[in-house]
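Labels A, B, C and D are assigned to the chains in the order they are written; within every chain, residues are numbered from 1.
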Amino acid sequence: MKLGFIGLGAMGAPMARNLLEAGHELAVWNRSPKRVDPLAGAGARQADSPADAASHTRATILMVTNAEAVHEVLFGDKGVVQGLPAGAAVINMGTIGAVATTRIAKTLGELGYRTLDAPVGGSTSVAAAGELNIMVGGDEETFEEFEPVLAAMGEKISHMGEVGSGARMKLINNLIMGANMAVLSEGLALGEGAGIPVEKQLEVILAGSAASGVAQRRSGNLISGSYEPQFKFSHELKDLYYALELGRELEDPLPITAVVSQIYNEGMREHAEDDMSAVAEVYRQRVNARPVQD
Amino acid sequence: MKLGFIGLGAMGAPMARNLLEAGHELAVWNRSPKRVDPLAGAGARQADSPADAASHTRATILMVTNAEAVHEVLFGDKGVVQGLPAGAAVINMGTIGAVATTRIAKTLGELGYRTLDAPVGGSTSVAAAGELNIMVGGDEETFEEFEPVLAAMGEKISHMGEVGSGARMKLINNLIMGANMAVLSEGLALGEGAGIPVEKQLEVILAGSAASGVAQRRSGNLISGSYEPQFKFSHELKDLYYALELGRELEDPLPITAVVSQIYNEGMREHAEDDMSAVAEVYRQRVNARPVQD
Amino acid sequence: MKLGFIGLGAMGAPMARNLLEAGHELAVWNRSPKRVDPLAGAGARQADSPADAASHTRATILMVTNAEAVHEVLFGDKGVVQGLPAGAAVINMGTIGAVATTRIAKTLGELGYRTLDAPVGGSTSVAAAGELNIMVGGDEETFEEFEPVLAAMGEKISHMGEVGSGARMKLINNLIMGANMAVLSEGLALGEGAGIPVEKQLEVILAGSAASGVAQRRSGNLISGSYEPQFKFSHELKDLYYALELGRELEDPLPITAVVSQIYNEGMREHAEDDMSAVAEVYRQRVNARPVQD
Amino acid sequence: MKLGFIGLGAMGAPMARNLLEAGHELAVWNRSPKRVDPLAGAGARQADSPADAASHTRATILMVTNAEAVHEVLFGDKGVVQGLPAGAAVINMGTIGAVATTRIAKTLGELGYRTLDAPVGGSTSVAAAGELNIMVGGDEETFEEFEPVLAAMGEKISHMGEVGSGARMKLINNLIMGANMAVLSEGLALGEGAGIPVEKQLEVILAGSAASGVAQRRSGNLISGSYEPQFKFSHELKDLYYALELGRELEDPLPITAVVSQIYNEGMREHAEDDMSAVAEVYRQRVNARPVQD
C-alpha cells in the first residue's frame, strides 16, 4: 500500500523500516532530515514536506512527540492536509491525550479525511521486532482496511472502539502502570522501614499475587537505585494528568490516580529526567528508611 | 522430626498432610474435632489439647484464624506453653498482624521458647501441592533448623529477617496486591466510562506493562461481575488496616494505602463476603458507567 | 479618573455603580447591551465596543466570565487593545486561573500596557456595599496608582506581589474554602452515621476550634438539604483544578486538594448547578446515613 | 451534690475548683498526691483511693489521660466500682475514643451504674473560666440530672444522644479541626511556592470565606514558625486515628481524613511534641518554598 510516514524518532524509525520490509511503498519525512537517510537507503522515498509525504497515499502515519507537533505537521505550513487525497486516512500513533485526539479527528473529518488513533505500548527493541501492542480507535471499516498495515509493526492489534478509544486506552494503561509503580514503592518503603532489604522483598513479591509488570521490569532499578530512563518520570506524570483530564471530562472520580499524581509531582524537581521507577526515591526521601527500633 | 500442628482448616489440613508425607511425626489438634479424623487416618497422633499436641515436640506449628485464637491456643486453658518442652519453637503460620506477632514472640521468649513467624501466600490447591510461598521471620539459627520442615509445605521459603519480619512481609504483600486491585478497578471504570468494554481493556492490559498478578487471576471475576471469594474482601481490608497500623508504628506515611483502605471501606456493606476483586463494583456504583457523549 | 468598565454581570454592575458614585468618569460595555441601560442612567457613557470603552482611559477594568472571554474582549474584534492609550492599565477582576493571568499580562506588557490582576472575594450584596475583599497582583507603582480606584469597590485591598499574585491568592483562598467544605461534610456524615443529627453537630462545631467560614455560612444549607447557589459547585471544582494546575506548574504537591477535587468530581452529574455545599450530598449518598447498631 | 473527682491535671484541677465554687461537695483523688493539696485547701475532701472518692456520691467524674487510665481507676485495685453506690453515675470527661467509651459504659451498665461521656473542648484558661464546650452522651434522664453539675464547668453543654455520642462528637470535632489545619497548610505552602509571604496570605484568608478557627488561633505559629503546643501534634494524630477507627466500625468512608492522617504521620518524627499546627512544616519540608521562576 502507498503510505506516508512522518516522525522518524527512536520509535518511528524501526516502525517505518518494518513497513518497508512488509512491502509497503513509503514516503517519509522528519523534522531533522538526517534521520531520513537510513530509511531512504532501505527504499523509502524522501519527501520534502509533510504534504509531499502524504500526497498520493491511502494513509499517512504520524509518530511525533506531542499534540502541538501533530497539529503542526497536519495543519501547518505544507502540512499533511495540503497533500493527502480526499478520503484517505491519518493514522496517529503517538500518545497525545484523549481530548486532543478527539478534537483533531473532528477537524480531519470535516476536511473529508478518516482517522485512526493507534498509540503503541512497548520499547524501542519491541518496535524493532515488530511486536508492539497497538490500541486502535476508529470506525470498524477503517480499522479493517488498515489492520494489515498495523500488523507489520505490532504483534497485538486491538480495536478498542470509535475514534479516540485508542488514545483513551493508552492513558488507562499508563495510569495503571504508573499507579502500580507507586504502590510498589510505598510497600517497599514500608518494608525497608521494617528492616527488610528491597531485594528480599522483591523476591517474595515476584513469586506471588502482588507481582506486576513494573515489579518485573523495574526490579533492577529498585535494587541498584539507578534510574536509567526506559519511560521517563515526567512522561508518566504527564499521562497521569491526561488521565485526570479524561476523568474530569467524563465526570468519573479517580481518587487513587489523584493521590498518585501528587506523589510523582513531589519528585519532579529531582527525577523529571529519570525513569518513572524513581518514584521509589520520593518515598525513601520521606522515610530515610531506618531500622525498626524495638 | 517430632512436631505439633494446631489448626486443621482449609489451609492447615493439607499443610499437615504434607508434613506427614515428608516423614515427620505429627501430633494434631483442632478446635472442632471432626476435622482431625482424616489426619489421624493418615498417621497423625490425635492430641486432646494444644498442650498435649505440643508435648515432646521440637516445634509446634499454628495455623489458626487470628491473633485472639493464637493467644488462646498458646496461653489459654491447656495451652501450648503447658506442654511444649523448654527451648522448643512455636512456628506461627497464620496472618495475624505485625504488632501482635512481635508481642507474642516476646512473651514466648520470656518463657524460654523460640519463635518463627511464617505466614504463607497461596490458595488451598497450592497448599495441597506443597507449593506455598512462605515468608519467615526469626533468628538465623532457628530458621535453618526448621527450613526443611517448612520445605515440606512450600516451594519458596524466604527468610526475611528477625522475628516479626515474616508477618510484616505478608502485610506488605497484601497491601500491594489489594492496592493493585483497586488501581486496576479505577482504570477499568474510567475505560468503561469512555465506552470501552472491560474484556477489551483487560486483553490490552494483560499484554503490556500494566499487567499484574491480580489482573491475571481476577480477569474472570471482572468480566463476569461475579465474585466467588478466593481471598475475601473483608480480609483484604483487614490486612490494609494492619499495614496502616505498621506504618503508624514505624511512622512511615502510606498515602495510597490510606486512600485505598477507604475505597474498600466504602464497599464493606455490600461486598464483605465477596472476593476482594469486588472493589471494582465500588467504582461501578459511583460511575454507573455511561457511554461518552460527544 | 477616566476609566473603562467591561462586563456588567451580577458582580460587575454594582462594582461599576460604586465607581460612578466615587466620582470616576466611566465608559461601560457589556456583551448583552440591555444590562448597560441602568448604568447609563447613573451617568456612565455607553461604549459601542471594548475598544471604544478603553479609549482615552487611564485604566480599563474587566469583570467577565473566564479566560476565553478576557482574551476576546482584549484581543478580539474591536478589542480593548485597539482603543487603550499606550501606558494605560488593564485591571482584570474576574477569576480566570493563574496560568492564563500570567500569559495575558505578558502579552499586554509586550504591547506597552500595564496590568493588575485583582480578583475579588464576596457575594453580590457585598459588591453592592462596596465591601469586597480584593487581592491584587502587579508592580508596586501601578498598585499605588490604582489603589484608590479599587477602594471604591472594596473594603480590603491587599497587594499580594508581582503580576499574577492576585490570581494565585484567589485560587489558594478557594482551595481552602472548598476543602474546608469537604472536610466539614466528611465529619458531619460520620456523625450522622453515628446517629447525631447534623444541626446538633453544627452547634457544637460552630462553638469551638473546628469552626470555619463555610460552617457559618452554609449551616442553613446543610440542615435543610437545599443548595441554592451562593457559589456554584462547578465553579468551586473549576478553581480546585486551577489550583492543581498551579501546583503542577510550581511542582508543589497538593495531596488533599487532589483527593478533594475527586470528591467534587463525583458530585458533578447531580450537583453542578447547586451551591458548592452540596458536596455534603456526595457523602450522604455514599453512606445512606444509618443509625449505629450496637 | 455529693461528687467524686478523679484526675487533677492541667484541665481537671480548674474544673474541680469550679465545682467547689458552685457549692458541690467534692471528694478528690489524683495519682500524684501533691496535686491534691490546692483542692483540699479549697474545701475538697482528700480521698485515699478512687473507691474512697466515689463512695457515697451521686456521680464520680473522671478526667484522666487515656482509655487505659480510665480502666485502671474504674476497675483496678481500690477502683471506683468498689466504692460507688448502686445506681450512681460515672461521668467521663477525658477523650478516650468512641469504641473504648462504649465498651466501658457497657461494663458499668452491667454492674448497675449509669454513664455519661462528656468530653470537653477548650484550653486550660477556658477551663479556669468555667467556659468549656461540653459534648455529652447518655440517656435523657441522666443527662438532665447532671446538666447543672456540668454547667458549673462549661458554658455550652450539648446533649448529643445516647451513651458514646459525646465521645463521637469530640472525635468529629477534632477530625475537622485537624483536617482544616492541614488544608490551610497545603494552601499556604502553595502560596509560598508562588512567592506570597504567609502573613499576607493569612490576612486575606482571615478576611473571607476561607477563614477558620485554626487560621485564627494558629496565625501566630504559622508566621513565626514556632510551635509551642496548645494541642499536641501527636494528640491530633491520635484523634484522627480514633476517627478512622470509628469510620471503620460504622463502615463510613473517610478519604480526606485518611490522607490527612498520613500527612501528620509524615511529621511525627520531627514534630510529635510540637503544636498540631507544625503540620505546616511537613509541607515546607516537601517544597523548600522557592520563588516562582518566570
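The rule is simple: a contact is a pair of C-beta atoms (placed from the backbone, for glycine too) under 8 Å apart; a residue touches a chain by one contact, two chains touch by 3 or more.
Please read all numbers here as calculations on a predicted model, not as lab measurements.
The greater number of contacting C-beta pairs, out of the two interfaces C-D and B-C, is seen for C-D. With every chain reduced to the mean of its CA atoms, the largest distance from subunit A is reached by D. Distance from the subunit B centre to the subunit C centre is 53 Å, each centre being the mean of its Cα atoms. Work out the mean CA point of subunit A and of subunit C, and you get 38 Å between them. Note: centroid distance subunit C to subunit D, computed from Cα atoms, is 37 Å. Listed for subunit C are residues 247, 252-255, 259, 263, 266, 286, each touching two or more other chains. The touching residues of subunit A, counted against subunit B in their complex, run 98, 102, 121-122, 133, 135, 156, 158, 160-162, 164-165, 168-169, 172-177, 179-180, 182-184, 186-191, 193-196, 200-201, 203-205, 207-214, 217, 231, 243, 246-247, 250, 252-257, 259-260, 263, 286-287, 292, 294.
Contact residues of subunit B toward subunit D in the complex are 241, 247-248, 251-255, 258-259, 261-263, 265-266, 268-269.
Those residues of subunit C that touch subunit B in the complex are listed here as 255, 259, 266, 286.
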